[in-house]
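Chain IDs A, B, C, D and E follow the sequence of writing; residue 1 opens each chain.
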Amino acid sequence: MDALPRDPVLLATVLGTSLPFLSMAVILIFTRANRQLSSRISVAAIGCSLASALFLLITLRAAPGAIQYQTEWFSSGNFNVAFGYYLDPLSLLMLTIVAVIAFLVQVYSLGYMAGDPGFSRYYAFQSLFAWAMMNMVIAGSLLQLFIFWELVGLASYLLIGFYYEKWSASQAGKKAFVMTRVGDVGFFLGIIILVIGFGNLGIPELNTAGASHSIPQQLITVSALLILCGVIGKSAQFPLLTWLPDAMEGQTPVSALLHSATMVAAGVYMFSRIFPFFSASPEAMTAALAIGTVTMILASTMAMVTYDIKQVWAYSTISQLGLMVMALAAGGYFAGVYHLTTHAGFKALLFLCSGIFIHSFHTNDMRIIGKEGGRRLTIPTVCMTIGALALAGVFPFSGFFSKEAILGVLAAQPGKIWLYAGLIGALLTAYYSFRLIFYIVLPQGGISASSDSGHHEPSHDEEHHGYIFWAMAVPVIILAGLTLILGLFFEHPLQGFISGMLGHGSASVLLVQHTTPEAHGIGHELLLALGVSAGLFGIALAWFEFGRKDSSRTGFLSCFPSIWRLFDLRWFMDIFFRKALDTAVYAGLTSLFTKNDRRIIDGAIDGICFFTEAGGRLFSFLQSGMLQYNLLVMALGAGVAILFFLV
Amino acid sequence: MTSMEMAGFPILSAILMTTVFGLLAIIFIPAERTKLIKQVSLGFATLGLVLCIWLYFAYDHQRGGLQFVERVLWVKSLGIYWFNAVDGINLPMLLLTAVVLFTGIWTMWELENRVKEFFALVFLLVAGVYGVFMSMDLFWIFVWYDVSLFPMYPLIAIWGGTRKEYGAMKLTLYLLAGSALILPAILYLWAQGGANTFDLFELQRIGFSAFDQKLTFVMLYLGFGILAAVWPFHTWSPVGHVAAPTAVSMIHAGVLMKLGAYGILRIAMTLCPEGTAYWSNLMAFLACVGIVYGALVGLAQTDLKYVIGYSSVSHMGIVGLGLATMTVGGINGAVFQMFAHGIMTALFFSSVGYIYDRTHTKIIPELGGLSKTMPIASSFFIIAALAGIGVPLMASFWAELLVFIAAVQVFPVGGVLALAGLIVSALFMLRVVQKTFYGEKNPRWEHIPDVNPFMAVPRIILVSIIVFFGLFPKLMLDIIQGTVIPFASRF
Amino acid sequence: MDTFSSVTPVLAQAAFWITVGFTVSGAAIAVFPRNILYNVLGLALALSGIAGLYLFLGSFFIALMQLLIYVGAVCIAIVFAIMLSRPLHLETPKRAIPKVALGLAASAVFFVASASVALRTEWVPAVERSTDWSVETIGHMLLTRYELVFEVISLVLLVAIIGAIVTAGFSRRLSS
Amino acid sequence: MNDFLLFLPEFSFIIAALVFFVFSLKKTSAPALFHGWALTLAGIGLVVTVAASHQEGMLFFDCYRVDLFSQIFKILLALGTVWVVFSSNELKGIDPRQHAEFYFLVFVCTLAMMMLVSAVELLTIYVSIELSSYSLYLLVSMRRNADQYVETGIKYFMIGVTASALMVFGISLLFGVTHTTYMAKLSETLPNVIRQPAAVIGLLLTLSGFFFKLALFPFHIWAPDVYQGAANQVTAYIATASKMAAAAMIIRFTGLSSAASPDLVKLLIGLSILSMSFGNLVAIIQKDIKRLLAYSSIAHAGYILIGILSMTGRGYASAIYYATAYLIMNYACFMVIMKIAGDGHNLQIKELAGLHKRSPLLALTLMLGLFGLAGIPPTAGFTGKFLVFAAALEKGYLFLVIIGMINATISLYYYLVVIKAAYLLKPVREYAAVPVDTWTRYLSIALIVLMIYLGIFPDQFVSLTEAAARTLF
Amino acid sequence: MNSLNTYLIISAFLFSLGLLGVLQRRNLIGMLISVELMLNAANLNFMAFNRFLTPDPVVGQIIALFVMGLAAAEAAIGLSIILALFRKMHSINIERAQKLKG
């Protein structure tokens, strides 16, 4: 503790990562009643976090190696749990991303949430969320990471189910928590196996051990696969992906935060955090690659058929996360992290823009928004288009660069199938995002108001161009700016930053090679062309079907109703889970066990009681009122006793 | 050891005496002066709490082992000693008891019906609990064990709720049926020891043959296991909890159930290391089944207290699993879980108690949307539920972590199965939270006031303890493992 | 045997078996007939037979006492009781078969048991046996070794008398 | 003179009996006066007995032995008598005109049982036991207005005389096989001939007489009917004092075989198990408290037997302890019953409803008494069970002890039913508050204190019982 | 013939017969008579042992004497109780007295 004031880095780390927690505590305990004060405390806290994150990034950008602070949390037997911070380029980068996005979202929420009765609570949870995420990012050990990972889940549960009086919201929160719990238990088990087999959960130690293969291969594979479960749950990978679209029940800024820099990013972040460890297990990497691919394709298809503006971005998040997992699994450490960074920017942008639309039109339906004149809101329209372009991977937006990096990595894989999948994903992504853009920007008459009229959020009519609007618009503009410059100017500095220090931090020079574009078989230019053309083709298709005049605006999928239905119902995954839960758990085990409890166990006990009493009644026949029967009992008893001795 | 050993002020006896004198004081107060009775009760409970906290700080965990030993020969011809001491295992339990008693009495501040008898019986019950936790003599452990059980009957039957007479009778008989195995086992050990002593540690030094250990271990395990709600002997627990009044549920689920696990640890495992090893697979099996089973059955319950009852079954399974591993980590975790679960369940019942006192129902479908009308009261429950799920930075998380590490190491299959139970427990806790507190505001409960600050105090104390030891588990674990390390080295 | 030493063994034997016959048949009459008066007479017969057996066992004093106390006192008392309670008119419904069967079984068990005890035990006479059968010795013993019992038995009789009076309702205070 | 001092306790009760014999000759009856006299005389008897507690010696040509063992039981007998006499202030169950006879018989019975515990000669034992039995037959038959219970006396009598016939038959076998009636010689001779059927069966039949007194299965059959049918005070007397004498005699007699016959031990184990199980099971379904307590007494006979059948000093000591505890607890229950049923009727369980309001002190006394009977610590009943089981386990009778504990659990059920009635049930009709006079109040408190004190601080009393048990050998 | 066993078997017979009477007779006085038979059986035992086995022939006789005395007292008490019962129940059939049971 005495080191704290003397070491500015530590001070900044501690301050930056604990202030949101303090703000949460203060809000919940003291300032619940005062909304203004609550929001200010929260925003100030996250502002401080942002400042310290930037400070750390700048101070440590040229640090020779990772900086680690560690103190014993507790120990039990020979199992020591350390509490510590691990500051390396990856965590610093991610810390900054989280701080930036969280700060922007909180500022944005000043407008978006104004007038909400749960305003204070909202900011408390936001602070909790930011705190948990930042601590997760700089955690020094896998266990600590897991702890905050769980807290991130908790915070997202609270935020998704924020409007708890709305049944669907609380349901969505529960679903998110339980489904990620499924993955987390795997993660937890993985950690336990590592504790047992390896004994140390420090992230650098794990990475070193993984890279140098100093732990048994089997152990790595098993634990890596189990830890991958955590990634699957948190980052909504196949098959645990259906909670994420439902999580749209939360407010739009929450979705923005959830989908860009926190919660779902946690999975991918964790993957990259112990990337060298993972990469020591080819089996785990292959599994992750497959899962990422499936996820990406599935989510893209789902996005093609929904009219809910937030759902589209939710599916796109899933598919982009799949892409990131693919990148990482294919060995593209930088590509994955880079896409995580750019995605955080443009996805937050997309959600925040959607939020403005939703806030203005009180609907989630893209058709209605378009019809009611969504494009008149110039700033969000423009910004959203920028975001969509980045998502589609169009030059010069940030998504282009990161996607290219990923495709490069995929191309380096032995089988070309991953590359083709990536390209198809890129195509579909471009298609569905511009389908949305065209719906909003180029509305045409004759939209049939279908049954899917979207969700209504609590309405509060505010002046569109007042303080509220600007509180929402400024973050959007900042993010749009970031999206523009992040790819164009920051790819190489970032690569140097991250990969450079990775070389110091762990012994994985080999990994860096994977990420260089020169290493893959197909020429760089060809790949570039392929990527761009896939994106452009998708946009063109979208324009052909939705943008141009006289287009049918139904999409080619409407020709195949069964496929439409398949996509719309999320490949029946939800139904499957529901059915599985209902039959296997509720109707199966639960009811079986409950019956067992009532009938067999309790029945046995009550039966014992019953038979005891019946025994009493039975024996009481010995005590009949007839004297001579009584005497008989006595005489026969004595007689039997005598015979006992004689025989 | 000499026959007489008294190191300074008998602090442990003093803690015990706070309850006895509390009981006597209550007896001599006229029954009409309910306010005074409550104040006196709270005063004695506070005194006990203060002494326990002092004990917690005064205990030297560096040195470990037994401290504050009081040892007086009690009954010469049988070798019974008045032998009280603390070590790392019972210190958390004493602290837990003091906290739960204190908060429990505060929670019952609004009681109106037969106040005098209620608090007198509560003190009697807690005297037994303190006694079990501090005593190191088999005779006294058993005496206090029974003393702590039988006040449950009137407490539930008079002040209880749903099916109170049935629940009370079932609980009392069931638990005392457990002692039908404990007493013979204790006496058997005494007789086989041949040294005419009930002193736990002298018996431990004597050691027993493998057969004796196996035999007595299983008797003690089943006997105490009933109180620890080991599957399949758990059915008294939900029924009893449902029937019991708030403070009694708090003490019962929070403290009394720990007596069972504590008994297994303190007597069975101490005296029968070989027996433990022999039966550990059974222990682990029952514990794992209990974890999953409790959670799954909890899913189907419609009564709030039933839900908590089954969650207790599940959580006590974790304690059992930790004990079954016979490793330092596992036992550390088990003891810590006993403490954490005690506080957590007390919080659970105290929140449910508040709700039930106001709404007169604890049927989940009849409630709903309570968060709107009583946000603070609801948040206490939600916090408890989160602790029950094993959310990190709450005390129970660490306990579960330690237990599961040990369990997966020792019983891979069972450990993994039990881990899966965590998913279910999350599901059923959240389901309850959702159905009870979330959803549309229920007009039936609109007039109900939220917890006032005075009544919030005990709940806040409980929450703070959960979070405090979640943030600083070292403060408890160091004490625990100072004793557990030498303890586990015997296996 | 001493008393009958002058009589030939055959006669003695015949007398013995006749006595036994009286005893057994008297006992049977005391138990089996339904008429209570026959029972009393049977009892008297059996008791007299037993008194005879006591003679064979060498104790004239006890045989006399048997006649006095039992036949003289007990039987008369029973007859008085019969007269007072008029049990002659006792209704006689059917006997319950299980009761009879179980009763027979129980007494059979007892008979077999006690007979086999008698037969299977090695009865070992004392090494030194006194031959002092005189009544004086009995009297002496009564006042020394059995002094307490002797006094207690008087208390027993007192209790019996007071009790009988009170219970049967012959007390002065109760005769209302 | 010394001899006279040894006999002083008995003598004081002879005097008491004679005083009431004289009273019984009077033409008029004065219940209050009689009660005062009786209490005074019984009190004097108790004081004398306590004062004579450390006497030792032989009397009446070695027929009569005064030692710590006998003196402890005499104190218990005197104590029980005092208590019963104390509770006889409203002797509504017996015709006021018969009160003198009632006290006379009680004192005679106590005297007989005192002689019983001191007697070490078979004939003396037999005569004493008969004297006490006859007194009890008469006491039981004395209940007035007892149309429902008229048959009680004759049932008790018939069963009693049959048992005593069995006993005297057994004594005759013992006499035949050992040639002696002195216990001291018996205990020398008997182990040598214990293989003989006559010896062991003689012992068994002799014991059955005492089993009858103790109401041990299968010689228990009188107990429920008699408990129910006799006047409350008489039942209390039978349930407390007379059990002490029986326990003492069984302890004396089982010591004779001194574990030479494993078969006998097996049989006793069997009887003990049957007795506990039967008593507890049937007690579950009872409605009448006295009848319930009768079944519970059958069960307790089984527990006492557990201590005895281990045939060790510790076992006998534990049995003495148990008997003492039983006396206190049982009397506590009966005192409450007698107090509540002021008019002498038979109390039903449901009539206890609301007792905690009508008289909190009596309710508490009853609760503690019942918990003591159930063996719940920290009452003396628990410590008694603990000691008894400890003695049995020293001999390795684990199974027996487990069954004993299971039975204790079963018994808890019906005791709880009674407690429930006293503390929980709402009375169907308004019962008047129970008037509790000062002395009863003090006695209740004394009983409560005694039950708990003996439970928590058993050390001194256990040493005493062990010293007493040592005098047996 | 005149051996110990003869007497013992006679006594066993008397005892069993008495027991049978006690178990069978519905007339209470009949039962009492049967009990007397049982006591006499025991007495016969005493006398027989006294004659054939014991060192001191006085003891058995004295016991027999006391048993007789007790039997007389017993008969008196028994008969008085029976009479009391008869006054209330107007019967001495034991099968009519079955109120107390269970």
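Everything that follows uses one rule, which is that contacts are C-beta pairs under 8 Å (C-beta built on N, C-alpha and C of every residue); 3 or more make two chains touch, one makes a residue touch a chain.
Small disclaimer: the values here were computed from a predicted structure and weren't measured.
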item	value
For chain C and chain E, chains touching each	A, D
Higher-contact pair (C-beta pairs counted), A-E versus A-D	A-D
Most widely separated chain from chain C, with each centre as the mean of CA atoms	A
Centre-most chain [mean C-alpha coordinates]	B
Chain whose average C-alpha position is farthest from chain D's own	A
Distance from the mean Cα position of chain E to that of chain B, given in whole angstrom	64
Where chain A and chain C are represented by their mean Cα positions, the distance between them in whole Å	102
Distance from chain D to chain B - Cα centre to Cα centre, in angstrom	42
Gap in Å, rounded to a whole number, between the CA centres of chain E and chain D	26
Residues of chain D engaged with two or more neighbouring chains	123, 127, 130, 134, 137-138, 141, 151, 153-155, 158, 162, 166, 169, 173, 176, 179, 197, 201, 224-225, 282, 285, 413
Where chain A touches two or more other chains, by residue	620, 623, 626-628, 631-632, 635-636, 642, 646
Residues of chain E touching at least two other chains	15, 18-19, 22-24, 26, 28, 32, 43, 48, 53-55, 59, 62, 66, 70, 73-74, 77, 81-82, 84, 94-95, 97-102
Pairs of chains, among all present, that meet the touch criterion	A-B, A-C, A-D, A-E, B-D, C-D, C-E, D-E
Chain E residues within the chain D interface of the complex	15, 18-19, 22, 28, 31-32, 35, 38-39, 41-43, 45-46, 48-49, 53-55, 59-60, 62-63, 66-67, 70, 73-74, 77-78, 81-82, 84-85, 88-89, 94, 97-102
List of chain D residues in touch with chain C within their complex	17, 21, 24, 27-29, 59-61, 63-64, 95, 97-98, 101, 104-105, 108, 111-112, 115, 123-124, 127-128, 130-131, 134-135, 137-138, 141-142, 153, 169, 173, 176-177, 179, 196-199, 201
Chain B contact footprint on chain A (complex, rising order)	72-79, 143, 146-148, 150-151, 154, 157, 161, 164-165, 167, 170-171, 173-174, 177-178, 181-182, 185, 188-189, 192-193, 195-196, 585-586, 589-591, 593-594, 597, 601-602, 605, 609
Chain A-facing residues of chain E, complex	19, 22-24, 26, 94-95, 97-102
For the chain D and chain B complex, residues of the former touching the latter	314, 317, 356, 371, 376-378, 382, 386-387, 389-390, 393-394, 396, 398, 401-402, 405-406, 408-409, 412-413, 416, 419-420, 423-424, 458-459, 462-463, 466
